[in-house]
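Next up, some structures in structure tokens.
In what follows, chain A forms one complex with chain B and a second complex with chain C.
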Partner chain A sequence: MSLLSVENLTVSFKTRKGPVKANEGIYLKLEQGETLALIGETGCGKTTFGKALLRLLSKNVKFEGRIFFRGQDLLSFPEKKMRRLRGKEIGIMLQNPSLALNPVFSIGEQLSEIYRCHEGCEKKEAEKKAGKMLELVEIAPSRMAEYPHQFSGGMLQRVMVALGLALHPALLIADEPTKGLDPQTKEQIARLIFKLVSKETSALLLITHDLEVAKQLTERAAVMYAGEIVESGKTKELFSNPKHPYTQALLAALPENGLRAVPGQSPSFVSPPSGCRFHPRCAFRKKSCSQIRPKMLELETGRKVRCLLYENYENFEKTEEKANAAT
Partner chain B sequence: MWKYIAKRLLLIFGVLLGVTFVTFSAMYLAPGDPAEVIALARYGQDLSTEQIEAVRAAEGLEAPFHVQYLTWLHHLLHLDFGKSVIDSDDVLEEILLRLPATAELALASLLLSLLLALPAGVLSALKQNTLLDNVCVFTSLLGVSIPNFWLGLLLIWLFALNLNLLPTHGYGTLKELVLPTLTLGTSMAAVTTRLTRSSMLGVLKQEYIVAARARGLDESTILFKHALKNALLPILTLAGMQLGYLLGGVVIVETIFAWPGLGQLLVASIFDRDFALIQGCVLFIAVLFSLSSLGVDILYALLDPRIRYDQQD
Partner chain C sequence: MPLLKVENLKKHYSAGLFSRKVIRAVDGVSFELERGKTLGLVGKSGCGKSTLGRTILRLLEPTAGKVFFEGRDLSELKGRELKKLGRKMQIIFQHPEASLNPKMRIYDCVAEPLRIHSLCKQGAEKTWVYKLIEAVSLNEELLFRYPQELSGGQLQRVMIARILGLRPKFIVADEPTSMLDPLVQAQILSLLKNLQQEYGISFLFISHDPALVEWMSDEVAVMEMGKFVKYL
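What follows is the complex of A and B.
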């Protein structure tokens, strides 16, 4: 049994302009202690996916599909049961720590209240645990009484790590943990997350647009485009031998590969492009690309791509089934 | 923190100095001869020019503007607000005599307003777009729209005349406090409810609320600790201003209920052209207003660490 198994998940929001599908048909598996990067450009639906796993989205959300965690479908959980799971089984570091931390409570308070709430700790004991957690993320416990605005960006990110891992969850979702940091600090934070996650043997779902960090931290990676996963595989292979034209374009946009930006703009979620969602920006598009929705194809074990270039028209239905079964 | 308060006090001193200058100039420039007013009060209707001039000389009213102003300031520094030109009562004593009634009404109304508005506003925000919310929004809109004097009269008509439960006016017992408090408290509650609702709605959309939920905190901790403390900040500002306004005396309500407060005193002194009393009242009200806003600033700093530390740096 996988730790996390997302099956055909579609997340849509009811809006005045009609339903907006922020995630569509997502299959994803994560084993105990495994690390996976979810890569994609800003606004592709990565954050929505991360929040969807903990059911943290706004009230107008609609879920289809299943999210299995240790074999139990999270979407069928009543809110109370879900609440006990949050933080305890699945921890999440939301992006932008300066917004995700309450400005009027001290760091120590925000950390120790987790222990009071989940474990029923007394005040002193909770503070002791909070202090230990801060030490773990290399912040002096003497800074417990300080408030978020007194910390630098890198330190705030450490606080987020401490909050996310406070209850030793089996899965940590880290949403853009290195966003807006200078290269050195980025490196430090990435190392810290890697160290702690391995120590706790937690699984890691890293949501990022930073390919460097993804390469550094994860064994497997999935690339998201316009709410769909377009390619997945081992991180190394995916980076050394990208299959999907979008992944190729993303890698070509890296500074060391020539800084060639992906042409065009991210598509609208209200009226996504017909056929393959990437076709308006794709350098290899064929006529059929605007008409046929490509299915997820398994090229080899654990290596999947959603692109017509690789599709075998005669039996793609079967391939799809096989691919999904093996996710 | 002490540095912050000291800074604030210094600022208040500056504001009060400005207030003294403006009130004094206004009284000086206002049409009418103060000497004549005083002489009228002292010697009755038939005045001779000599009498008026004698008063002018005796009261130092012939001195140039700046001399008169500085003399007044000098007296103020010794807590001497002067004497009423009408009945020669000490101005400060007169004011302090009225203060308890005003303070009692002000605190009672503010308390009632907050007791009504905070729960209503929070509930309204939590149950946004439900029947309960709509009822709250509608009632508070009604409360904002109804003028005070009309509400006061309506309450008198209902509780005093028809139901015979409460006295129509007067001051002294708790019974007499009820109607003026209801009049002021409910209309202020209307404004505060609307602010509480919108402030709470704004806070509930913040990412730190999602983050608190993501840590599996229970809903009451999220709402009453994480959300409310942030939502209270603008409400505190409003409540402080309301308190300042109430302490300045609420003329219309005091008049309707024959409530012997500062507002009545000020209005009476204006009708009598009792300039010493007017200046004293205005200055005193400015002091009360400044102090209540100082109180808000201090509370604000206690609630919001960002302010506390920014000021210290």
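What follows is the complex of A and C.
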């Protein structure tokens, strides 16, 4: 049994302009202790997915499909049961720590609150545990009485790591943990997350647009575009041999690969393009791309891509085999 | 004559009201910048890159040193003269979300600098704004939305359109893409490069990513503790 198994998940929001499908038809599996990166542009639905796993979305949300965590369907849980699970079984590091933390409570108060709510600890005991957790993320416990504005961006991110891992969850969701940090701090935070996650043997779902960090931290990766997963596979393979035109474009836009930009902007969720969602920006589009919605194809075990270019891949191999057999 | 000449520029802060300690954010920086060229500036966070950019534009008053723009000493200029010259020197900030007025529509954000400097006649404003918004390849329908309805990449384009209307000669780009994802980053940077070629604008490009600086710049300076430690 997998730790987390998402089956055909669709997350939509009711709005005045009509339903907005932020995630559509998502299948994802995560085993115990496995690390997975979810990569994509801003506004492609990565964060929505991370929050959907914990049902942390606004009230106008509608879920379809299933989210299994240790075999139990999270979408059928009552709110009370869900509250107990958040933090304890699945921890989350929200993006933008300076906004995620409460400015009028000290770091120590915010961290020890977790122990008081979940484990029913006394104030002193909770503070002790919070201090230990801070030490783990390399912040002096003497700074517990300080407030978020007194910390630098990198240190706040460390606090977020501590909050996410406070109750030793089996799965940690890290949402853009390195956004807006300078390279050295980025490196430090990435190394810290890696160290603690492997020490706790937690699984990691890393949501990021930073491909460097994804490469460094994860074994597997999935690429998201306009609410769909368009490609998945082992992180190394995905980067060395990208299959989907969008992944290729994403890699070509990196400074070390020449900063080649893709024209156009990501599509709106209210009226997404027909057929393949990437086709208006795709350099390899065919006529059929605007009509047929491509399915997820498995090229090899664990290597999937959603693109019409590979639709005949299997058939192609088979005909090749036949041809070989004939000769 | 170089477009911009910076001589031994310093900006010091006192460490607190009662403290005698001095923080040397920028400590004696000199360089020259030709027309249509880009100087890349790399350094760790907190090394004084942004302070340098702002002090050159006189958004901060320098403690010592001089800045010459088109041969004129900026520190001697006042009032109307400074405004006239200041129009030609602009800045793109790191956080576009924080640099636009949330109560103004995009149209007004782009038109505001034109109004302040009275650069176009009444009635011509609309055509100007549409031209500018086209130059940064933004969709016209965005003009009547508010900044918080736009994505980071779109906002950064609005910032560029806004500045472009002033026909600047020199732009300080202070980490313009650090909050953006790689695809949008590539789009914004190529936009800046195209505009540079078209209008012959000089840039001071500040970033903490050496690869970006290398791609953007003709010359590179490395900053540490308020000083240039390398100048290539």
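As a convention for this text, the second predicted complex is superposed on the first by the 312 of 327 C-alpha atoms of A that agree within 3 Å, B and C clash if a C-alpha of one lies under 4 Å from a C-alpha of the other, contacts with A are read in each partner's own complex, and residues count from 1 in each chain.
Throughout what follows, contacts are C-beta pairs under 8 Å (C-beta built on N, C-alpha and C of every residue); 3 or more make two chains touch, one makes a residue touch a chain.
The structure displayed is predicted, hence computed values, not measured ones.
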- Task: Kindly say whether there is room for both chain B and chain C on chain A in the superposition, answering fit or clash.
- Result: fit
- Counting only touches as set out at the top, which of chain B and chain C does A:G71 meet: first, second, both, neither? neither
- Greater chain A contact set [chain C / chain B]: B
- Task: For A:Q265, select first, second, both or neither according to whether it touches chain B, chain C, the two together, or no partner.
- Result: second
- Looking at the overlay, does A:L211 come into contact with chain B only (first), chain C only (second), both, or neither? second
- Touched partner set for A:P183, first chain B, second chain C, both or neither: second
- Task: Superposed on chain A, how close does chain B come to chain C by Cα atoms? Whole Å, please.
- Result: 6
- Query: Hey, what residues of chain A end up touching chain B and chain C alike?
  - Reply: none
- Task: Please name which positions on chain C make contact with chain A in the complex.
- Result: 44-45, 151-154, 178-187, 189-190, 208-209, 211-212, 214-215
- Message: Using the touch definition from the top, list the residues of chain B that touch chain A in their complex.
- Response: 206-208, 210-219, 221, 225-226, 229-230, 303-306, 309
- Message: Going by the contact rule set out above, which residues of chain A touch chain C in the complex?
- Response: 41-43, 179-180, 182-185, 209, 211, 249-250, 253-256, 258-262, 265
- Message: Looking at the complex, which residues from chain A come into contact with chain B?
- Response: 51, 54, 56, 83-88, 91-92, 94, 96, 99-106, 113-114, 117-118, 147, 149-150, 163, 166-167
